[in-house]
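Following are the structures in question.
The two complexes that follow have subunit A in common; it is paired with subunit B in the first and with subunit C in the second.
Let's look at the complex of A and B:
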């Protein structure tokens, strides 16, 4: 599985998404599935999938599909298909 | 006298900070005009988000003696429709962006992003003269069961909360809870009554914008259910520099003792007062509190009754338990105990069923010093992220959608068991109708039952059994 697939999988599992959801449009607090409860599950999924630790500041700055990719990049994970 | 009747004294003070600052004068003018549009005393629905529109509408309705049912602004259309058929409100104060309302109803009045939809209901509501407000009982199952709260209930609970939390004009709560949830509403009521400023935001504590707002507007207090405190721990709240913060409150379920201890220690270091509280919508909001600095000595306790209330314990025969350390049903007595429930329009005319006494359904004991400790629940209820959910109601909702299931669980964990191959469909219904997360739906071969045919809930699996 590529890192992109793993990233997408973390979103689908963490936020309990249907298959037809456009992941690239997901935004914290705006997409109904991505509320604070979903956020905590998503963070845990991503940490597990990539074996990283997301700290407090990073957690509050992670608010969109894209910003998560940028965050992982900073943590040394290159998201690619 | 109704709650909020005396808010004119604060006319020039700041009532709300949302996208900008709003004075009490502006809030009352807008609120009163929304209410005047409704006209005579009637039943309305007020769809709530942490926005000025829903807050002002609520304040106006209460002042003008129009009775609102407070609902979540995102309530699924199907659930809203059913509630409208059952209670026949004359108006719905809701976001104008709701297609289900905008396509079906006319609206002649609006404020901000909200519109006052007219339902065309011609029914004359027989409303008991003391009835002020209706809140839903349980989470988001769409149950039509409402709690009937009076003007006196609201005043009594707000006054008591002001008293034990020592709330004054300088307090500045920032919203973390929905205003249609009794705990969230009680924070609003108690602070408005003292002329304080409320920072209204729909942002959550996992968002940077929340903390920026908290800092910029110098929030002094917020409340949280256990889940909020789990998140705060994960967010390393102890490292946050928020000098304006003076008081934290917790309710909406039992806080894990380790977490309680963690926050008691942090708060003491930071000079923040920390209050653990207990309540139910049936008692307007709050019934007990654990005074700040008692956490170490009385860990795990819900504390003592709020000012003006009494807590007692009853045994199975209904007798008062006088001795310490004996478990019985927790009973609360006070002016904040609601009139009772409503499940139909006709119930809104009913008078007081409870007479100031509420059987909480929680099992508890009292220690030698008079502090209460909850040990369990009598009914099949769990708390999901602060909201009470009846397992029977979840089963009923699924049955309505054609799925025969058994539900079990504990706080923040709901398990749904099915004998059919319909797990995915059940998950979909739960997501769309109840909107809760972390629900585990499992297909099992057989429902474990005892010889009387009663379900043995404890024998249900917590995880999918992997067969190899």
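Let's look at the complex of A and C:
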């Protein structure tokens, strides 16, 4: 599984999303699933999937699908398909 | 010397005047002296505790930073947090725990002979302890460098504008500002004065005018249901006016010195949900609880249901922080339950709103949510305001009894206002709502004020000052000053 697929999988599992959701357009607070509680479950999934630690400041930086990729890249995870 | 006094205004004028005259390298001495003098005028007997807490936090911060291993840092962090919590616990919670254990022993037939101790709550201890804990934790996490300059650190710990009732500031925001040379700036002085005037207006014309009316109902041995409903809603307005006025004055005083404190309120009674309410009410406490209680507890949890426990625990801490009594514990728990229930039923509520047709009229839907949230907050405040659990339950029962909401009863309850009070509240209501309308439509009422001509600006401020002088009442301390 590529890192991009793992990232998408973490998103779907963390936020309990249906298969037809367009992940690339997702933003924190703009969907029922990705609210402040969903954010915590998503962070837990991503930490597990990539074996990284995301601290509280980084959690606030992570506010969209794209910013999550940028954050992971900064933490040393190369997200690619 | 409280914020609402001529003495404080004179004190502030002298400090601000001197601040811009003395060289930057000596300003921390002035701010430290001012902070300790201010605290001493309110609670001189607890100056030693403030000094000990400051010294302890300073030393433990440096010791934590000197440790090489993460585990050692963490261990020392826990020592620091435990000692700070012990200080807070001893003064604030000893008698609460003692009384609770005694009651439990009497109920269960055990012997319990720890006597009652006469312990006075040190002023501001809840605020400066939380600020100290955030510093110690941030140093251990590597997010904050341990401050080596004892003077600047002491000013951060006891900065007089926010010492008594916040905003609860993080070291990374306040310390760099204290160390930066601030220059006399017209915008800062003008903004600071306006925030102070606005704070005085809200405190003397709303909070302190409402306080005796609310107290007359909650102190009454047999209030009617309608009186409880009306007094509880008025208490919500009183509490907001009181606490936000305190924050306005704190922010204004700091700005006169060129220092920007965090905002503590964002029109909380226009919140559309309980989660939204806590993003708008006592924001610096909410952020503190989020970062140092909720996130560590919720970290690593992959199911929403697992996070509910963290939410309930966080709101329990919030309740206990507010007061050492079971009614505050219950108040916190009620908010936790609101939050969990709100999350668990979100999808069903959305479906129901859609079925009713609310999704076709979003404005109506929004105001419906605002009204429901306000009522939920008011109901919880029955527990916040009552003097005992028995009284709280009795008042809560009255609050939810349908007959308490009957128009005839409400009209009778309004008679608790004098005609003068009623006229003043109507005028103030219009003024405050104009302010809030500007906030909602223009972004910031203060930026809007800055764009007005000098004549308009002076006229508005004169109106606020004259109103406060003519019709304002004072003499009540700030509600949150007692926490």
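Operating definition for what follows: the second predicted complex is superposed on the first by the 81 of 81 C-alpha atoms of A that agree within 3 Å, B and C clash if a C-alpha of one lies under 4 Å from a C-alpha of the other, contacts with A are read in each partner's own complex, and residues count from 1 in each chain.
Rule of thumb we're sticking to: contacts are C-beta pairs under 8 Å (C-beta built on N, C-alpha and C of every residue); 3 or more make two chains touch, one makes a residue touch a chain.
Here the structure is a predicted model, which is why all the values come from computation and not from measurement.
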Which of the two partners, first being subunit B and second being subunit C, lies in contact with A:67: first, second, both, or neither?
neither
Using the superposition on chain A described above, determine whether A:28 touches subunit B (first), subunit C (second), both, or neither.
first
After lining up the shared chain so the two structures overlap, which partner does A:37 touch, if you call subunit B first and subunit C second: first, second, both or neither?
both
First (subunit B), second (subunit C), both or neither: which does A:47 touch?
second
Which superposed partner A:3 touches (first subunit B, second subunit C, both, neither)
neither
Quick one: is A:59 in contact with subunit B, with subunit C, with both, or with neither? Answer first, second, both or neither.
both
Touching subunit B and also subunit C: which subunit A residues?
32, 35-38, 40-41, 43, 55-56, 59
For subunit C, which residues are in contact with subunit A within the complex?
141, 143, 275, 290-291, 295, 298-304, 307, 311, 343, 346-347, 350
Subunit A residues touching subunit B - in the complex, by the definition given at the top
16, 18, 28-29, 32, 35-41, 43, 55-56, 59-61, 63
Touching residues of subunit B toward subunit A in the complex: what are they?
74, 202-208, 210-211, 227, 230-231, 234-236, 239, 385, 427-428, 431, 435, 437-438
Subunit A residues touching subunit C - in the complex, by the definition given at the top
13-14, 32, 35-38, 40-41, 43-45, 47-48, 55-57, 59
